[in-house]
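Residue numbering begins at 1 within each chain, and the chains themselves are lettered A, B and C in the order written.
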Amino acid sequence: MSTARLEQLSKQYDGHLAVDRINLDIADGEFVVFVGPSGCGKSTTLRMIAGLERATGGEIWIDGKPANHVSPRDRDIAMVFQNYALYPHMTVAQNLSYALRLRNWSRADIDRRVTEVARSLDLAPLLHRKPSQLSGGQRQRVALGRAIIREPKLFLMDEPLSNLDAKLRVQTRAEITRLQRSLGITTIYVTHDQTEAMTMGNKIVVMNGGRIQQADTPQQLYQHPANTFVAQFIGTPPMNLLRCRLEPQDGAIVARGAGVNIPIRLESLTVLRPKIRDGEFLIGFRPEDIVMDPGAAGNGVTGSADVIEGLGHESLVSVKEGENAFIARMSPENAAPIRLGDRLSFSVNPDRLRFFSAESGEAIRVP
Amino acid sequence: MRNAPSARHGEAFLPNLSRIAGRLALAALILILCAIAVFPFYWMFVTSIRPSGQLFAYPPEMLPSANSVFSTYVTIFQDTALGTWLWNSIRVALGTAILASFIGAMMAYSLSRFRFQGRGFTEYLLLATQMFPGILLAMPMYVLFSKIGLLNSLPGLTVAYLALLVPVATSLLKTFFDGIPVALEEASLIDGASRIGTFFRITLPLSLPGLASTFLFCFIIAWDEYLFAQMFVRQPGNWTVSVGLASFSGEYVTPWDQVMTAATIVTLPAAIVFLFLQRYLVHGLTAGGVKG
Amino acid sequence: MALTQTSARVAGVRTVHYADSQDRWLPAVMVLPFLLAITALVIIPLLWGIRISFTNSRIIGRAFTEAFTLANYQSVLTDPDTWHSLYVTAVFSLGTVIGSIALGLVTALVLTRAFPGRGIVRTLIILPWAVPHVVAALIWQWMYNPNYGVVNYAIGWIPFVTSQPNWLSDPNLALPAIIILNIWKTYPFATLVLLAGLQSIPDELYEASEIDGAGPVRRFLDITLPGLKHVLAIVVLLLTIWSFGNFVFIFLMTQGGPAGATNTLVVKVYFEAFRFFRAGPAFAMGSLLLLVAVLLTLAYAFIVRRGKDA
C-alpha cells in the first residue's frame, strides 16, 4: 500500500512533448483513472511510473521516495497489459508464479499463494493450460492474477479491457473494481473509454495533448468540467455548448445567440461580465438538464428537430438553430410526437448552466 | 455424360460439360507443373542406380533398369574422396552456422529492441551484403587472406563464410524477434527479472524455433556454397562437397552414375531443411517485404 | 541520448539516466561482435578491392606499385568484351526474370485453387529451390548431354525436328540453355512470393467485382494484377540481383564459352583475375559492378519500405 506523486513529469520524443509537465498526487488506496483520446500521453505516463520509459524531465515519487532511477523490477509494482502479455511458453500456474519464483519464494509458499489467487479468480481448473488454450476473458483473469499475486505497492493497468467484447467488459469492470476495493491497493488505470473511467475511478485524470486537463472525482468532472475539452469528452452525448453574447433585454441581461435566450442571474453576471466583456462566450448544459416547454420561447433554447434517435428507454433529439446545435434527452413518450423540422422550445435548469470562455475554452465558475 | 441440372447454383445444363473439361485441363496443368519441378530429381536418382554399362544407351531408358544397382551408394565412398568432402563440409557448415547464429542473434535482438544511431545504415548494410554478387567480396578477401595465411584451410573458409552468413542470420532472426511482443519482456521486467534474466527466461525460449531455423538455413547455405570454396581451398583433401562434386565433371568420360549418386547424397539434407523452413524463408529473404 | 539530456537541462530539470544499469552497457556488448565481423570481413575487403582497382597490380595477392592510376578503368570501359558481357548479363537476367515470373505466376495461380493433394504439389514445387547449385548444374549438364541426354531424346518426339543440338557447345543455344536451368532453380521462390501476394488479396474484392459484373479476365486484370504489384516488384528486383551475380551455373556448365556466348560480367571478372592474371582490370570491373549492386539494393530497399508503409 502506498502513495505516488508526479512532479513536473515530462517525456519528450524526437523534439515532440508526449507528456508535458504534469503534477499529480495519488493517495493510498486510491483508484486513479487516466482517460483521454489516443496519443494524449496517458499510456506514456503510466509507462514512466512503471519504469519502462525514462522520464526526460520531472520526478516520480513512490511512497515518498524518488523513483526515477529505480529499475522496474525494484519498484514493487504490478502491471496488467493491454494484450495481457501472458508468457506463451508457460502454463497459467507458471505465469502466476513467475514473479514469486524470481523472488525465491519457497515451493510451498508459491503453491499456497497460487492456489489462493486461482480460487479468487476462478482459475483453479485452468492452472495447467497454456495461454493459447484460454478464452479472452480467461486470459484477462490470468493477467489480473499475475498482478495481484504478490501484493505490490502499485497496480498499473494499461487498457486491460479493450480486447474484451462489450458484455464481458461490463462484467470485468465490476470485478476489477471489487478486487481493488477489497485489496485496497493503490491503482492507476489507463483507458480511452470515459464510461470505464466514470464507473471505476475515485479520481479521474482527463488528459489531452500531453497535459492534465482536469483531475477530479467523477461527479465534479461531470458537473463542473474545467474546460470545453472535458465538457465534451465526458458524458455520452457530450455537454451541449452554444455560442452567445450578453445583451440587455427588458431591464435584465440575457445570454443571446442563435436559438439561445437565457436570462443570467445577477450574482453570476458580476463574475461573468469582467471576464468576457462584450465578446462571445459559450454556455453549456447536459442533455438531461433541459425540458421541453412550448411556453419557454423567450426563456430557454429553441430550434428545429434535426435527428431523432430512439434508444428504447430514452430518446435523444438533436436540435439545430443557425450556428448552434444541441441534444435533448427525453422520455420516448415525449419524443414520439416530434417530427423532423418541428420547432421545439426547451427551458434550461438555471442551476446546471455552465459558462466557458470562447477563446481559451476554460470554464468560468459562477456562484 | 450426366445431364442432371445442378440446381444448387442455379446453373444451366450445359456448364457441366465445360466444368468437366475445365477440371481436366487443371489436372493436366498440375501434372505438367509437377513434372517440371520433379523430373530432374527423378532423373538424378534413376541415373544413380543405373548399372554403368547402361548409362550410355540411346534412347535413354525412362524407367529404372530392371537390374538397378544400389551398390554405387557404398562404392562411391571407396572410389572417391566423397566421405572426406562431406566431413569437411559438415565441419565448415557447423562452425559458420554456430558462429553466425550467435553473432546474428545478438545483433538482431539489438536491432529489434534498442534504438541507437546508425540503425538505418546497419539495416541497409544487412540487405546489401546479401545482395552483392559473391565474387565482389571473394576477390579482395582472397587477397587479404593470402596475406595473412588463411587460404587453403577449413578454418579460413569458415571465417570467410561469416561474411555471407552473419547478415543472413541477423535479418532472419530480426524478423523472429520482431514477432515476440515487447510487452512480454516488459511484463517480466516488472515481475522482477533483470534484462539478462528476461532474455534467458522469456525471449530465448520463445525464439528457439527461430534460432533453430536460422541455424539450419546457415548450415545449408554453407553446404551449398561453391565460389568461395573453390577459390580459397586448392588441395583436394580440404575440398568441401560442392567443390568435390564439381570436380567430377570435366574428366574425359564423366562417371554419371557416380556423380548422380553423390549428388543425391548431397541434396538430401538440403532438401529436407528447405521443406521445413520454406515459410520462414520467404519472409526473411524479402527483408520482411512479403509475409510467407 | 545527447538530445534528450540537453533539452532536459534547458528545461531546468536534472539529467536522467537509464532506469536499469544493464541497459547502459548491454547494447554495446551485443552489437560489437557483429561490427567486428562485418568490418573485418565485408567493409575492409570491399575498400581494399577498390584500392587495388586504382593500381597496376597484375597477379592477385602479389605486391603492386602504389602509384594511383585510372588505366584499369580506361581499359575496362574501352574493351568491347566488357560491353558484350554486359549484353550477355542483361539477356541472362531478363530471360530469367521473365521465365521465372511467368512459370511462377501460373504455378501460384494453380496453387490458390483447392484440389486434392495441393499440399503435396506445393511441397514438390519447392524442390528445385532446395537443391544445391552444384547439383542442379550437374543434373542439367547430364540432361543436356548431346548424345545421351534426355533433353535431346524429348526433342526427338517433336515432329520434323531431326537435329541433335549440342546445347552447351552451340554459341546460339548455350545461353538459353543456362537461362532455362536458372529459371528452373529460381521459379519456386517466385511462386512462393506470388502465392503469398495472391493470398493477401481480400476475397471481398473479388466478390465485389463479381457483383459489379466483372468476368474472370477482368477480375485478373483489375484485382489480381494490381494486388500483386508490390510483390511483383520485389520478385523482379531479387531475381535480377541474383541472376546478375550468378557465378556457379555458368562457371560449371560453359566457363563463359562457347566463344564468349555466356561470358557474363561476374564470370569475366573471375577469369580476368584468375586466368589472365589482370588483377587491376578485374578489380576495376568489380568496383563498377559493386556500384550497380549498391544501386539495385537501394532500389530494392525503397520498394520494400514503400510496400510496408502502404
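Just so we're on the same page, contacts are C-beta pairs under 8 Å (C-beta built on N, C-alpha and C of every residue); 3 or more make two chains touch, one makes a residue touch a chain.
Keep in mind that this is a model prediction, so the values were computed, not measured.
**Student:** Centre-to-centre on C-alpha atoms, which chain is most distant from chain C?
**Tutor:** A
**Student:** Can you pull out the chain pair that has more C-beta pairs in contact than any other?
**Tutor:** B-C
**Student:** Between chain A and chain B, what distance separates the C-alpha centroids? Give it in angstrom.
**Tutor:** Taking the mean C-alpha position of each chain, the two centres sit 55 Å apart.
**Student:** Between chain B and chain C, what is the gap in Å from one C-alpha centre to the other?
**Tutor:** Here the centre of chain C sits 15 Å away from the centre of chain B.
**Student:** Enumerate the residues of chain B that touch no fewer than two other chains.
**Tutor:** Where chain B meets two or more other chains at a single residue, that happens at 189, 194.
**Student:** Multi-chain contacts only, two chains or more: what residues does chain C have there?
**Tutor:** Where chain C meets two or more other chains at a single residue, that happens at 20.
**Student:** Among all residues of chain A, which ones touch two or more of the remaining chains?
**Tutor:** Those would be 51, 71-73.
**Student:** Where on chain A is chain B touching in the complex?
**Tutor:** Listed in rising order, the residues are 50-52, 71-73, 75, 77-79, 81-83, 85, 87-89, 98-99, 102-103, 146.
**Student:** Show which residues of chain B lie in contact with chain C when the two form their complex.
**Tutor:** Against chain C, chain B makes touches at 26-27, 29-30, 33-34, 36-38, 40-41, 43-44, 47, 55-60, 102-104, 106-107, 109-110, 114, 116, 124-125, 127-129, 131-137, 139-144, 146-147, 159-160, 162-163, 166-167, 170, 189, 194-196, 223-224, 226-227, 231, 242, 245-246, 248-249, 254, 256, 259-260, 263, 266-267, 270-271, 273-275, 278, 282, 285-292.
**Student:** Using the touch rule from the top, collect the residues of chain C that touch chain B in their complex.
**Tutor:** That would be residues 20, 22-23, 26-27, 29-31, 33-34, 37-38, 41-42, 44-46, 48-49, 52, 60-61, 103, 106-107, 110, 113, 115, 121, 123-143, 147-150, 153, 156, 184, 188-189, 192-193, 196-197, 200, 230-231, 234, 238, 241, 244-245, 247-248, 251-252, 266, 269-270, 273-274, 282-283, 286, 289-290, 293-294, 296-298, 300-301, 303-304, 307-308 of chain C.
**Student:** Quick one: in the complex, what on chain B touches chain A?
**Tutor:** Residue list for chain B touching chain A: 181, 183-184, 186-194, 197, 202, 205-206.
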